[in-house]
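Should a chain be cited, it is by its letter among A, B and C, assigned in written order, with residues numbered from 1 in that chain.
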Amino acid sequence: MGAEFVMLSLVPILIGVLAAVACALPGNFLVLRRQALIGDAISHVVLPGIVVGFLLSGTVSSWAMMAGAAGAAVVAVLLIELIRRLGRIEPGAAMGVAFTSMFAFGVLLLEQSDTSSVHLDVQHALYGNLESLIWVEARGWGSLLDPVALAGLPPELPRIAIVAALMLVFTVVFWRPLKISTFDEGFARVLGMRTNLIGFALVIMAAVAAVAAFDAVGSIIVIAMFICPPAAARLMTNRLEHQVLWSVAFAIFSAVVGYVAAGYGPLWLGADDAVSAAGMIATVSGLVLAIAALYAPHRHRSGAPADG
Amino acid sequence: MSLRMPFGRGEEVAAAPLAELSDKPLAVRGLTVSYGQKPAVFSLDMTIEDGSMTAIIGPNGAGKSTTLKAVLGIVPRLSGVVTVYGRPLAKSRRRIAYVPQRASVDWDFPTRVIDVVLMGLARELGLLRRVNAGHRQRAFDCLDRVGMRDFADRQIGQLSGGQQQRVFLARALAQGADLYLLDEPFAGVDAATERAIIDVLKTLKAEGRTVVAVHHDLSTVRDYFDHVMMINVHKVAEGPVAEAFTEEHLQSAYGGRLAANLMDQLQLGGH
Amino acid sequence: MLLEALTLQLGYNATLVAIGAALLGIAAGAAGTFLFLRKRALVSDAISHSTLPGVGLAFLVMAALGGDGRHLAGLMLGAALTAGAGLLAMHWLTRHTRLAEDAAIGAVLSVFFGFGVVLLTVIQTVSIGRPAGLADFLLGATAGMLFGDAVLIAVAGALAVLAVWTLRRPMTLVAFDAGFAAASGIDVRRVDLAMMGLVMAVTIIGLKVVGLVLIVALLIIPPVAARFWSDRSDRVLGIAGVFGGLSGFIGAAVSATAPALPTGPIIVLTAFALFTLSMLFAPGRGLLVGWLRHHRQQRRIHLRQGLLAIAQDLPIYERYTLNLLVRAGLARPDGVPTELGRLRAAKACRDESRWAIARRMHSHEATVSRYDGLRPIEMVLTEDEIREIDRQLAEAGEGCA
């Protein structure tokens, strides 16, 4: 499975892995901050974002759509904060109002505008099209060193690689403020940290990861990768440093195993066609979480006595 | 120079502009905080003397914790000026250490005791400086002072309430500040912890540092503190314990909620 | 056309759908209120997304048995089964592990949905029956709905409203204060279960009309909008029902007028419009009223503090305070008070001393505890009471000159 693997599967697997890692990194902090569902909210508003991006730019260029999606994510975050703070509505409900309304707006816009000529539909937004990101120029493992072949790589790969690197840098550089403000916001403020700014930066980073990942793999993996690997990792350890490493490992595992199971599983079972890779990756991440919830060493809440 | 305050907002307060209070660890003028329509703290003036140990007391819902949080900029204030050693709060953060209420954080957070204490060094460490043996040693020393050194590698969720409170105090010690602000440090802790905490606080005072604590146990005010700030939304009294911690002021702050026999137990001086 | 739609003149099917959507909206608004007041609004998101594998499985089973895979009642049954499984998984995760509810919701939502997507692709590849109709469950579609399906939705909607009506008392009690409800003999667990059952029922009835992504909106937005109008849970419940019903009816009717106006999004955007109006303009908790109130309070507090400072010859520390005093003609820009300023300051100072005395008098405890620190004392206490306070004030030798 040399040349065929490199041409058909290597790039999708790499993209899946990078997307999963890019989402899992900020996901750790979102889960600890009880903001896990912000990923859910953001990935829903990506749809109106790309539709608006398309309508404004008039092209199907990825950059226009990604800019639209990023803009929509920022709008959604601001809208949620507005409803939560000014309206004094609990965060879950505020998210529910914001993302469903924006999603509805996106669907309506899509139906109203003439987008039938372009590949832009709700299904695509939800489950992406990981399988189609093949490396046509590849002739085998040697192509990894061939500049001509490398130039033919799907543009999604370098894009998601840059975003994954960005997430890594963000996590490392802002590790201390992120950790302290997540654990004890009041104390962080007394230290002089701009906790609102840190919280906002985290959500924006999550939005960037979601948009980039969505572009390649659809929003369903995005939600799963924000939550499942960090949640499973939380059950493995009691140290944040280790939790983040575990979450990255789980994310990579889910992406690889999910992709392989979707692409080759049905063939091994005797069926003709592959099933949705995005859906399978989400399913595998769920299985990982289920196993962690059943057997992981630190799955129970620490049983500290309330007093004494 | 002092001026008699005519409306029960307190005893005597220097009527000086803030600049003249520059040596005071903490000066607050006209602090008002409101969560809804009714102010939680109304037009509060407060001056903390250098080297003092001050208890902020008052009934439940009197705005004690709110006062502390508003002073530190954790909750927004509707009005008021705060200076710390004569300078605005933002410029004197390194001189302040803060011990929040124990219940204000998620103790299930994945971290160890030593990591929490190291958070006290965050300003010094900045974004990327690595924790070295020296930092670690200082954190251990702080844990030593609260008797928690043996617990350094424990997950914080495995501690008892008293132990959690000691870890918070150790983190504040690591900040190496001049002014210590504590929010209900004795709430729900065991007797041994209470003893340990008060010993540390008294040592801080002996070193010339200033301590302010929100406190709810009236029976220990005399033993633990030398100054008291009594509030019930408004300031009721402020000053040395002997002068301000009187039955009249307690009645005024707590209203009928303070039983007569408790008053006897407190063996109040004054009137 | 629009008017005809709103007055139910677009034909039998459209009318049935509009009525069904209205009933569904009422039930969703009411059931959603319970979730919202229990601070669990997004549980509905997990429920709705976990219907997808059920729809897929039911299709596969029905097709394998040789029937029509798109039989609505069968698909709804399948949806109910996996939605229930998702709910159980969520409960299990929060009860038996250290994960918080939001993480459990997100995990169940994404994994069940992901698995549902896998099943949809399986259906496509094994190509039994025509799977085309299944995508409708994502976004809902009422155009071209079968008569039988429309009846099913209308009847199920009516039943859901009936269930809400029967259960409204215990549910309101539990939503408002679970501890109190338990103390007064209500089985909170069973009520919670009934509540979840209702939410599930609404979700499943709504699948075909609004779709699984947007049914959540019908459960969340009306209660949140209603919350701005009242602090009483029974009123929030009623208003949410009305908002939900209106959204459902208007949305379904409007969308019947044109094929490019999909039902689900129109219903949701109608609800969102109601929400926006409520958040901005509702009396009580609305933003406009709140903003005006906040600024008025801040102004009054600064003025009062400025006057008190004048009365004691203290400097005015805050620029905003001084500006207000200057604008009201109470002080000059350099901080020196005007004649009027001194007069008002003396009055403010006297009132403040009076309150200090009143706080010490037990007879006024209730009044004092309600006092916002700003209203003139004459508005709160009677003349006699003030006279008594002034007497004590003179006795204590305190007060302003």
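In this text, a residue touches a chain if its C-beta (ideal position, glycine included) is under 8 Å from a C-beta of that chain, and two chains touch if they have at least 3 such contacts.
As the structure is a computational prediction, the values presented were derived from the model and not from experiment.
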item	value
Chain pair with the greatest number of C-beta contact pairs	A-C
Chain nearest the overall Cα centroid	C
Reference chain A; chain at largest CA-centroid distance	B
Computed distance of Cα centres, chain C from chain B, in Å	38
Intercentroid distance (Cα basis), chain B paired with chain A, Å	43
Separation of chain A from chain C, taking each centre as the mean of its C-alpha atoms, in whole Å	28
Sites on chain A at which at least two other chains make contact	234, 301-302
For chain C, residues that touch 2 or more chains besides their own	98
Chain B residues counted as touching two or more neighbouring chains	108
Contacting residues of chain B [partner chain A, same complex]	69, 72-74, 90, 93, 96, 98, 100, 104-112, 115-116, 119, 122-123, 125-128, 155, 157-162, 164, 171, 188-190
Footprint of chain C on chain A - complex, ascending	31, 34-37, 39-40, 44, 83, 86-90, 92-97, 100-101, 103-105, 107-108, 111-112, 122-123, 126-127, 220-221, 223-224, 226-228, 230-231, 234-235, 262, 266, 271-276, 278-283, 285-286, 289, 293, 298-302
For the chain B and chain C complex, residues of the former touching the latter	3, 5-9, 15, 17-18, 29-30, 32, 34, 37-39, 42-43, 78-81, 108, 232-234, 236, 248, 251-252, 255-256
Chain B-facing residues of chain C, complex	98, 293, 297-298, 301-302, 304-305, 308-309, 311-315, 317-318, 320-321, 349, 352-353, 355-357, 359-360, 362, 365, 370, 372-373, 398-400
Residue numbers on chain C that touch chain A, as the complex places them	36, 39-42, 44-45, 92-93, 96-100, 102-103, 105-107, 109-118, 120-122, 124-126, 135, 138-139, 213-214, 216-217, 219-221, 223-224, 227-228, 260-262, 264-266, 268-269, 271-272, 275, 279, 285, 287, 290
